[in-house]
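By written order: A, B, C, D, E and F. Residues from 1 in each chain.
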Amino acid sequence: MITYSTCRNVEETQKKASILIEALPYIRQYNGKRVVIKVGGELIEHEDQARNLAEDLVFLKSVGIQVVLCHGGGPQISRAMKTLGKDPMFVNGQRVTDAETLEVTLMVLLGLLNQQLVAKLNRHGPQAVGLSGVDGQMLLVKQRSPELGFVGDIVNVSPTPIERLLADGYIPVIASIGIDDTGQAYNVNADIAAAQIARQIGAEKLILLTNVEGLYESFGDKGSLISSIELNDLEAMQDSSSLSAGMIPKVEAILLAMRGGVQKAHILDGRVTHAVLLEIFTPEGIGTMIMPG
Amino acid sequence: MITYSTCRNVEETQKKASILIEALPYIRQYNGKRVVIKVGGELIEHEDQARNLAEDLVFLKSVGIQVVLCHGGGPQISRAMKTLGKDPMFVNGQRVTDAETLEVTLMVLLGLLNQQLVAKLNRHGPQAVGLSGVDGQMLLVKQRSPELGFVGDIVNVSPTPIERLLADGYIPVIASIGIDDTGQAYNVNADIAAAQIARQIGAEKLILLTNVEGLYESFGDKGSLISSIELNDLEAMQDSSSLSAGMIPKVEAILLAMRGGVQKAHILDGRVTHAVLLEIFTPEGIGTMIMPG
Amino acid sequence: MITYSTCRNVEETQKKASILIEALPYIRQYNGKRVVIKVGGELIEHEDQARNLAEDLVFLKSVGIQVVLCHGGGPQISRAMKTLGKDPMFVNGQRVTDAETLEVTLMVLLGLLNQQLVAKLNRHGPQAVGLSGVDGQMLLVKQRSPELGFVGDIVNVSPTPIERLLADGYIPVIASIGIDDTGQAYNVNADIAAAQIARQIGAEKLILLTNVEGLYESFGDKGSLISSIELNDLEAMQDSSSLSAGMIPKVEAILLAMRGGVQKAHILDGRVTHAVLLEIFTPEGIGTMIMPG
Amino acid sequence: MITYSTCRNVEETQKKASILIEALPYIRQYNGKRVVIKVGGELIEHEDQARNLAEDLVFLKSVGIQVVLCHGGGPQISRAMKTLGKDPMFVNGQRVTDAETLEVTLMVLLGLLNQQLVAKLNRHGPQAVGLSGVDGQMLLVKQRSPELGFVGDIVNVSPTPIERLLADGYIPVIASIGIDDTGQAYNVNADIAAAQIARQIGAEKLILLTNVEGLYESFGDKGSLISSIELNDLEAMQDSSSLSAGMIPKVEAILLAMRGGVQKAHILDGRVTHAVLLEIFTPEGIGTMIMPG
Amino acid sequence: MITYSTCRNVEETQKKASILIEALPYIRQYNGKRVVIKVGGELIEHEDQARNLAEDLVFLKSVGIQVVLCHGGGPQISRAMKTLGKDPMFVNGQRVTDAETLEVTLMVLLGLLNQQLVAKLNRHGPQAVGLSGVDGQMLLVKQRSPELGFVGDIVNVSPTPIERLLADGYIPVIASIGIDDTGQAYNVNADIAAAQIARQIGAEKLILLTNVEGLYESFGDKGSLISSIELNDLEAMQDSSSLSAGMIPKVEAILLAMRGGVQKAHILDGRVTHAVLLEIFTPEGIGTMIMPG
Amino acid sequence: MITYSTCRNVEETQKKASILIEALPYIRQYNGKRVVIKVGGELIEHEDQARNLAEDLVFLKSVGIQVVLCHGGGPQISRAMKTLGKDPMFVNGQRVTDAETLEVTLMVLLGLLNQQLVAKLNRHGPQAVGLSGVDGQMLLVKQRSPELGFVGDIVNVSPTPIERLLADGYIPVIASIGIDDTGQAYNVNADIAAAQIARQIGAEKLILLTNVEGLYESFGDKGSLISSIELNDLEAMQDSSSLSAGMIPKVEAILLAMRGGVQKAHILDGRVTHAVLLEIFTPEGIGTMIMPG
């Protein structure tokens, strides 16, 4: 069988080639490096955002980047609690996780969200494996305080299962659940879990995907959206209490990761289509980048 | 510091030594071999049975046996459905899994049972990692029939994650959930999943832990409890429809596994303390053993 | 230091992301595969074409493709001969390579062209290593006929140095020189050398870069430019003598490669900027593709 | 073929399981660790003691412990000397090893005892390989004094053959013969050889099997049998000269091993059936244990 | 410090270089190959012959040949028997090995000869490790006939210890003792043991060192010394009963080895200084070579 | 087929064996070690000297020495320049390399000399692979001074390709061409290149083959030929300006290599047949040896 060349739009095609070539230095820079991405529950319940994120992760893996995805699921847990007619409780502004809340948390995070993220990635072939901090005692925790119930602070990270899955070419998808040395599960903060994992596995980059445009110097002032900031300036912002409530754990996670050797961190707007690709493979970048210094 | 020998009960101690030596041929026989164990939901909700099972698995691993644990969770799923005010439906005697039932199944199996089994094993250190057939597309399924909803039949097993976890010294704990090539999760029969995994990873032995004493030649006749049976006799029983309803999928799973190269299969009473240890490491054995022939 | 976000051209940037995502299936398809590219001397003397080719090869390598570059240097050799006041001789239409011609050939291919190609690739870091068929007895030849002098036909390919350089992440750049078992160097056809190497190392694809647009069904009829053709149709064209003189060794090389297991072959216009990238990573493709069948 | 369950003594069987489970922490503790065991000639000439010892060693190996067995053969050498009508000679209380005595020593240790121990272990399959310090220059010695003849003190241990045999799953059985740099064989003390090997290969435990119940604080006072003692107390005993003649080299060997990093040492009564198993796998223990401190 | 060139005997020195170069093709031919050498007891009791043999073996190892040395010890055993006042017994011309004879055999072979050969090789550094067929069940035997006592025929060779020692750069030195599956030692013919080992480890060459000049076509006719002979001619000689008594087991061993894949065999006069080096590294060769055909 | 032993010259043959044995300690000493040899252009144009050198290198490789050959080609470049009617230019006594000179240098070194050396070695099988400092950016240089044109000083050595070829059993043959970070080729001094490579790959020995007998204490005084000299004495000679012009870069190279960890260096007369073999494998040695001290 023979087909003949019809007129081809060479100009359009060559523009494509030049965009690929433009990505070349970034591809080479991150080849063989590790990137930990944390996505919040508010993003992954939008079908197309989750699908775009899955495509981005598969692209990263295809050009030789080792990717770990961490996730929480706050909105989904709250909704499930309401369905069961249970109101959230708070002590000093912190959510209390009693036994029933923990059970709902485990069912929502492990049974629904983790499984759905893994399944979406696995549409592209055997790409991902789901885990939580319970598996292989990966996230060993101790209770924060008896009043808060099953809320845990990470005291040790055992990254062996992550290391092996990365070596085998899988994307580990990790739900933010910890375990104590008696085998009891605990709820842990997903931003902090991502940061702890990032420093433990020697990640080059930590990306926090959220549903705001980035970090604002003055919370509420659209014009103060920060494009890039050095670590010491971020520390100053933390001390000055100018951070919005939602940003506090994210900034804490970023400081934790970068003091532990992670080179760069990003707060990106996960609602932007292919936000991760744009940040890593184009010179423009998006959101807020935190650099050493 | 010096302590002195008080009178020791040497006779008692030596009896212990002789029991260890009695186990020696079995330890040597199974060293480096693989054993797949399936446990039903009815057993793992008894705290002490689950704890004993965890001890048995850790013992197997400690003497060099590579263990995979598969589980379902029928009673727990049914109970959760009732709590939500939803009645099970049946078509031609087979349970229908609609979207809501699937969601409950995923939450119970992954969020509660799998996580609890892994946590119990991890009391002994980093021993186990939980997985389902969604992870790494391990259990690829197709829908059995539209009427039954999200009930899947396994069409392919991709054992890479199991192989790596075994190589790293972990016990993979696998919930009986499958995935199709669009990324949709499905309920799969846990006995069959265990059998498919056993043949795919070249297991030496498949053990089905249940809450009856074993296989009866005449269902209801206590005196007809079978101690050992050859494969062809089991096939004859299958054809003669003399099996109880609960035994039908178990016998099917055993035939599937042994035709695929698994050397021996066992139906054991999981309510007996340390049933697995007794079967593997003592000359007496318990339950029903199926041998080639 | 803090910088603030100026207005970003998000639309333009997202178009870039979509082009990267468009390349994803091709990147995944060729990841870990091998591609042999042959470039003619007429292309590599244009500085910008050589630079673009180098960028394309580095891109291929960066996304996990193992690339081998083969080259000849006909025009450069002829020019060097003329400078030395020596006229080419022909026997039955085939160029005669006497001792002096061979010496010029070796100096031009190894001293100038091979070294320049390697140097251009090495602008991007330690990317390439130059070789010829003399190294490690890679291309073992016998003399075609005494009348033609030092013109050799390949009788064996020893790919060990190529294999090791690929394993170490280098791009082997191979000049089309062979060696016989007495240690005498010979001139060999570069298209055929590329084909022999491609089949020996299990390449997925053979790309012949030339200075025409592709293969024409009727030589001289611009409208007959073939976009894709199956192997048996190409064999028919070879038998019908409808090929231009320049295409004869290229078609012979392609048949040799594809009968030896290479999956696809391409005749591309090397004058098109980033021709190799366009062919591999866009759905449009360029030039003529030869498929099995 | 079908067999039916006769009444089983479930209670008795479950007691067995609980003894296995009792051994679990010890199995896990010593898995992958190394244990050096020294057995005296007086024990291995009792057929059943040698057989029990072989079973114990095979058990240790089967649960993942790397075992090295060292042996001497004093009584057997003395008896062979007498048969040949030759009387032992002593200088300052130390036995003189002239050329003829050395020849008898080599024949008895290598030809009879080492070979018999290896053969007994190999009844259980290919378990053991016999060596002496002559092999691979493993125990390099220098002469202690010309008056004592061929009595050597170890100056270097080259453990490569031991390491490789352990890695291959063999039990090295080592006769206490050394070699000097001219290739001359020497008699060496077996307790000291075991200690030197233990520290060189990073053993966790050194066990000296002897024909007394253990170490007595007051030699001759049955009530002063020591169950456990810390290293500094043992050093005090050595200085106070309260040790029996037979215990002096054993205590010296233990101090040498534990100062070199061996964690624990034991003096056990090898006449007790399965003494090694009892010590390692039951909480009761037997004999005298020396702990750091 | 400076020294000045005195007159050097360049001619003499260059002759040395040309002899090394003459050995080059043989060094390259046998590099990485395996050679099994069997030496009889009559040779190794001459101090200088043993020392020369040791030098030859170390040379072979140094140029990359993997060497295994097998030995018997007939004369030494007989002499030891006589010393003990015990006469050899024969049944149908075959020597009877009763329990006492076996004990003497083990003591002489393992305690004296094996140890001395290893020690001589280890004068050159850690070169050799001694083994017998008892170690690792290497030579599994069954009794030839009850009348002959502990005389065994090899039924299986387990070469793992040999393979590992070769891989680690040691020369295994193997005494011709076998073991049955009850752990009983047996005397085995050393020529046959060498042949069985040679075929099992894929040796290129089997060399039998003896104290005659080679194989004579007519026993007793000095002029009929065979330089080279093809396998089928050797088989003809075996059938025609023209072999001397001493040659019968050697010819049997050679046929066994070469039918099992060994490429060449040699019967060499071990009394010639450096006989092995001469055979392997000079074009002249010595003794009788058996070639395929 | 049977052949019979004619009279052999045993005495002559045994002398050969004793010369091999004499080489044994040297073979063992250098086994697994690395030797870098630099040969000047004046030697390799003599057909028989080049052939002898090739034999020597193949011998070294055959006895387990890892050999790297470096070469320049001064006389051949000068002659080619003259043929093209171009005169060499000098600035302050240093040769100027303009663009045309560089082109001739590349053609002569890579196209002719490197290729011929590789081809000669490959007569003995696939022994050698040719490289230059351009390959894999092996010799990264910067320009010495603008006046001298394309003359480079080595600022970094990237030995990966050398390491891999050595590991695969090849002899790397390296032309003294460097590359700067823009991809421009430069001429580099071959003695210095050999020294830099030697220290970078941890060579034991650097051998400079030249066409004089060695180093003279008083240039011109035949009686002052140095046999051996310590490093500090050589430094004194360098300071005292008593070196001939040709020796200056060689002495500089030797000091560079030995200060970088190379154990010994040699200046040998490459016109002596098998000079390298004589130096390494006979006790006499030739030329001048530089020792630490």
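Basically, a residue touches a chain if its C-beta (ideal position, glycine included) is under 8 Å from a C-beta of that chain, and two chains touch if they have at least 3 such contacts.
In this text the structure is predicted, and so the values were computed from the model without any measurement.
Student: Using residue numbers, check each pair in A-B, D-E or A-C against E-F and return the one sharing over half of the contact pairs.
Tutor: The pair repeating the interface of E-F is A-C.
Student: Per the definition at the top, count C-beta pairs in contact and tell me whether A-C or C-F has more.
Tutor: If we tally the C-beta pairs in contact for A-C and C-F, the bigger total goes to A-C.
Student: Between chain B and chain D, what is the separation of their C-alpha centroids in Å?
Tutor: 43
Student: Go ahead and note the Å separation of the Cα centroids belonging to chain C and chain F.
Tutor: Here the centre of chain F sits 35 Å away from the centre of chain C.
Student: Taking each chain's centre as the mean of its CA atoms, how far is chain D from chain F in angstrom?
Tutor: One centre to the other, that is 57 Å.
Student: Among the residues of chain D, pick out those that touch two or more other chains and give their numbers.
Tutor: Each of 125 in chain D touches at least two other chains.
Student: So that chain C leads and chain F is second, what is the order of every chain round the ring?
Tutor: Around the ring, beginning at chain C and stepping to chain F, we get C, F, E, D, B, A.
Student: Show which residues of chain D lie in contact with chain B when the two form their complex.
Tutor: 1-6, 8-10, 13-14, 16-24, 27-28, 31, 55-56, 58-59, 62-64, 124-125, 213-214, 217, 223-230, 233, 272-274, 277-278, 281-282, 284, 286, 293
Student: Note which residues of chain E are touching chain D in the complex, please.
Tutor: Residues 103, 106-112, 114-115, 118-120, 122-123, 125-132, 134-138, 158, 160-161, 164-165, 168, 170, 177, 179, 181-185 of chain E touch chain D in their complex.
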